[in-house]
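There are two complexes below, and they share chain A, which is joined by chain B in the first and by chain C in the second.
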Partner chain A sequence: MSVASTDTGPAGTTPPAPGPAKAAAPKASINPFKRLLLMKEGSIVVVTVATLIYFAITTPHFFSSQGLQNLLPFFAPFAIIAAGEVFVMINGEIDLSVGGTYLICPFIFNEFTSAHIPLIPAMILAILVCTLVGAINGFFVAYIGINSFVTTLGTLFSLFGITLVMSHDTQIQTPGTSLFGGGTFESVFGNGTYSELFWAIGIVIVLQLALSFTKWGIYTVAVGGNRLGAKEAGINEKRNMMRNFMLCALLAAFVGILEAVRSGSATPDPAQSSELMFQVVAAAVIGGTLLVGGFGTVVGAMIGALFLGIIQDGLVLKGVNANYLYLYQGLAILLAMTINIYIARVRVGAGRG
Partner chain B sequence: MSDEDFMGDIVERLEWDERKEEDTPLKRMKQVTRRTALTGGAAGIAAMALQACGGSSHKTANTGTGTATASSGGGGGSAAAAIFGPSPKYHFVMVNHVTTNPFFTPTQSGAADACKLLGCSYQWTGSATSNVGQMVTSINNAVAAKADGIAVALISKTSFNQPVAKAMNAGIPVVSYNSDVPTVDRLSYIGQDLFQSGVEMGKKVIGLVPSGEIALFIATPGSLNIQPRIDGAISVLKSHPSIKYHVVATGAQTPQELSTINSWASSHSSAKGMFAVDAGSTQSLGQVLLKQGLYKKGWKGGGYDLTPITQKLIAHGIMEFTIDQQPYLQGFLPILQLYMYKVTQKLTGPATTDTGLKFLTKSTVGPYVSTKSKYEGTSTGPVTKA
Partner chain C sequence: MADEVARGKTHIVETLTPADDDVLRVEGVSKRFGPTVALRNINIHLRKGEVLGLLGDNGAGKSTLIKILAGFQPPDKGSLWLKGEEYKPRTVDEARSLGVDCVFQDLALVNELTVYQNMFLKRELTTKPFGFVRNREMRKRTRAALDEIGINIPTIDVPVARLSGGQRQAIAVARTISSHSDIILLDEPLAAMGAKEGAMILDLIARLKEEGNVSIIMILHNYVHVLQACDRVNLIQEGVISLDKPTAETSVEELTDIVVEEYRRARQEAQAEAA
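Up next is the complex of A and B:
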């Protein structure tokens, strides 16, 4: 991350010239900027930094320390869930139920604490229960063979329903939080200024390493790239998929807790949490993960989430009228992704597509 | 409790009589509601009798209830039957535009309580996402199923004319609640108009912030349960050029609303206040006023609905007001009016009722903070200590 931001400093001001890069073959002597572009996440880093610079110049308060602190909750929670979604998407599947898992977890947590289980064990139990949802998703997709879109849509609706029933459609105050804040539990799990950022960076680093270097990660890519081939090669593709669905559910549940702690309350409104899934899948795809599977990066998804967060936060700070916000958001995404495709051609030109 | 055993006996016998009927959802519903009505009614009357006897000997109380329950049991299955005479078990349908929105949780409690009181049943249906087509389908279904009455939130100026007329022609009384279109041929309207409530908020805002920059937060522009509120507020603020208002969309989920409001507040340091028209934004703006210490700088804040956090923030003087739209009455009164219309055979007509609009401030929020109840959606039972 730090390498990226220093290297791309000049990139935002001078438009990248795709011309000469076409001929450039990957050699040891290429300059750092070009080397960045040759990375999988290179182009989205450039676009994100350019967006950041745009808002920093045009919008007062955006690039202040307070402004950057405000930016954190706009992307950190999405980056965490997107990290799990990337694993499922590399498998060539999709998990739509993250919104449901995210919604229900604080209520399960609340049930456990109401039963006088201490905060931390109650939280862990709640997350484990939600991880079971992932196991159910994985079971239906991998072992029964139902399409993941349909399976997770089914669990999404079921979770919405269960949440409404168990909460009596009533808002709760998140256990472990208080009006004036400041408790250790809430500072660590979401309400501290940098809490969500630390969790996001930690989880993204661990999972990116797992994806790149462990057997689990390599199997995931293999299963997504060629399921039959992976099976022939002796990979237990079903177990691998199940594990990835469980990871995704676990992270969605954890973010459910973080966000409920940060806002001090949880509202059982399903109509509001289906949007979460769009943002997570969008972050993954913008970050370079393929919807068809076989390729993806966790770091890329985090940058994708950051990109979406910057646009959202920036437009609010610019004082965009409510009715125009969605329009500008949509146009900004289209524009940035068009630029992204052109920059990415550098990599294709270099024979590293 | 021998009186409960007695009622239990009646329930058992009735169910035994019905044992040969086909096991349909209707039958099950009938049995469940009968159980609630009979045993619930018995418990209520027992309590009343106990009170009347001033807590005298247990035996006297029991005799009292014995006769009371017997008459209600014979009269059609509810306490109301003793007053209004025997009637069939009415089934009413409430069509809503945001069925899962927590705002309407007290509304459902109100409808359920009215049903328990009157010995009828109701169904909560409609759309979760303000889909008018779905709501029209729900009305048509209620007509086809020969419901005894329909209460509907009229959220579209034109779409409901036909289905409501169809129901009325079929002899099914229709009342509107929460949101109204006077040109639709319904019998009465029960509620406080959303637009009008926004107008009242606008006036309140002018009183609090005579001039300067303010924010008006709305979770999702265009949503039919909140957009009219902000339109109402704007209609008032427009004629006060000294107030510069920004309409800001805060997003669909409460955590997101908090982030957005946090950003807006820290980038508009010269602003004088923040106001909102949905529960999530109202609570979040209070949290931001607290966290950034803006309430100490004289920023004003206010909005809608009674989440526990909003209540506490008002009690601590961090924000000025919130608006209670009495959602419990918006469920209780429609059922009551429909029941009266049916049971008196149209001799008492439904009457348009303003459920009012309560501004809760630091001085009036006390009882809300210290209690939990189904009337404000903070629990599922009657008033208890928080």
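Up next is the complex of A and C:
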């Protein structure tokens, strides 16, 4: 077998390809800090740890168990939904309807238990019904070709509407919960002290493995990175997108149950659900997931959610005027994004000039 | 519009009769995209072990034909035959499973994935119980495939975005050739390559031809490459085959003349219309 020359310099009569010699730079020469930044979640890890240290030093009780427990509701629900949102965003799409799916699920759950379906089957059924929302999103985006922002905005509003109609705009007590807590069902599904944390960590691990090491994950990246190319390679890009929208809806529905069980009741409040949706998108973006698709990690989104949770919790503990919370959060997002763009340039731009 | 172009033309079509050992046959295929006619009544055949060069101007319909053969899009009319059986691939996957693989013009590489992930895209090796991809094995085989072909890619763990145009093209070609297909379609495999890389791919094709197991259809722009690498050449002009000759019986001059003639006629028609 002939072995090609390694020389890619300007030899020969035709103009050489631009700078291929630099293209695959050896990894060894990168300094450790740069290498950390080159890790997919690098930037946000640095920023989060710095924030954590700042609050730990300046705020008493931040690291106490009570402090951590306070942090959890600010973090776990977002981390779980963001795990699904990351898949959709790597596809190059976005799912705004998670707010609606999250909102409606406890009410569907309530309907099923009212029809004398036992708790667990009722919960599973409710989540499956909500997963259909994802199928609807996926259908409109992948098969009809409507932009995902518009599609999921449509389903978001529709779900808000259906929830208000279904609930007659009244709060319900979450099935399976009691005033004093302690039942097995409620302890497992949201009301146990660390229940949501365990779910969040478990889901993030499983989905990160799926993203990195299964065909599903690789096709998700391929569809987001080069949709036509993915199709030419034989990937069913529509099915892949459909699946990711369904995953996203499923997780949002599940968190809807967790949160309703944790608080013992569900309130048909679209405003709060919209905010949750924005937090989820923010967590994913802060965690390094690119809105244009092709790139992102589940672990990064979890750290993004943690970052947002730490800021909220920390600022509250510090006794910052609540009116400033949004401002700080907004600035933090802008800062994190700026760093991310810089890193994306370092990472991708290194070879292509 | 297309009909206007077609009128009053008598091309010298020297069709070689299809033989029994044709591995691939295209009969009366046409394809239009809205008002644009890409292919009209195309007939092509490919013998076993043959390298067929497809020539034609931009927009002549070459890539459309290749995409139909690769299962990426169906023809409007006409039939395809693969080794004597009707061939109706609905997807690229299906075509591949029947032994037809393609290097598309845009290469179908995903910038964000590594070299070895791209090499095995849609052909991943996975573990039995959980369906995890076997990265180590894929790396090993990628390295082996690239070495065997003689393509030098320093590291296969980087995203392909970091590679040069020629390297990317080489990877796309290597991916298709290592897929063990017996019919390989190449849409401008030398487009982004320097002289050395191009020569390497042409060497590779010559080697495959010598081994005689694969049949190749290749779109090229450079007539010299066509005469060097192909057994036979088909010229597509405005969606029809206007020339079909063994490369031994044609020359750069003849091919150039035909294309220049087409250009002159188009200009005369345009001037006549303007006057």
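Heads up, the rule we're going with is that the second predicted complex is superposed on the first by the 290 of 353 C-alpha atoms of A that agree within 3 Å, B and C clash if a C-alpha of one lies under 4 Å from a C-alpha of the other, contacts with A are read in each partner's own complex, and residues count from 1 in each chain.
Following the convention adopted for this analysis, a residue touches a chain if its C-beta (ideal position, glycine included) is under 8 Å from a C-beta of that chain, and two chains touch if they have at least 3 such contacts.
Values in this document were obtained by computation on a predicted structure and should not be read as measured data.
K.L.:
Taking the superposition on A as described, I'd like to know which of chain B and chain C A:L228 touches: first, second, both or neither.
P.N.:
Second partner only.
K.L.:
With the two complexes superposed on chain A, say which partner A:T170 touches: chain B (first), chain C (second), both, or neither.
P.N.:
The answer is first: A:T170 touches chain B but not chain C.
K.L.:
With both complexes superposed on chain A, which partner does A:F295 reach: first (chain B), second (chain C), both or neither?
P.N.:
second
K.L.:
Have a look at where A:K215 lands relative to chain B and chain C in the superposition and call it first, second, both or neither.
P.N.:
second
K.L.:
Touching A:S65 in the superposition: chain B (first), chain C (second), both, neither?
P.N.:
In the superposed model, A:S65 contacts neither chain B nor chain C.
K.L.:
Starting from the residues of chain A touching chain B, keep only those that also touch chain C in the other complex, and list them.
P.N.:
Correct list for chain A: none, the interfaces share no residue.
K.L.:
Tell me, which parts of chain B touch chain A in their complex?
P.N.:
98, 100-102, 104-105, 108, 128-129, 218-219, 221-222, 246-249, 251-255, 257-260, 262-264, 266-268, 279-280, 283-284, 287, 290-291, 307-309, 312-313, 316, 377-380
K.L.:
Mind listing the chain A positions that touch chain B in their complex?
P.N.:
59-62, 66-67, 70-71, 73-74, 77, 160, 164, 168-171, 173, 179-181, 259-260, 262-273, 275-276, 312-313, 316-317, 319, 321-323, 325-326
K.L.:
Hey, which residues of chain C end up touching chain A in the complex?
P.N.:
70, 72, 91-93, 96, 102, 104, 106-113, 117, 121-122, 124, 126, 130-133, 135, 147-155, 158-159, 161-167, 192-197, 200, 203
K.L.:
Considering the complex alone, what residue numbers of chain A touch chain C?
P.N.:
Residues of chain A touching chain C: 1-6, 8, 11-20, 23-27, 209, 213-215, 218-219, 221-222, 224-226, 228-236, 294-295, 348, 350-352.
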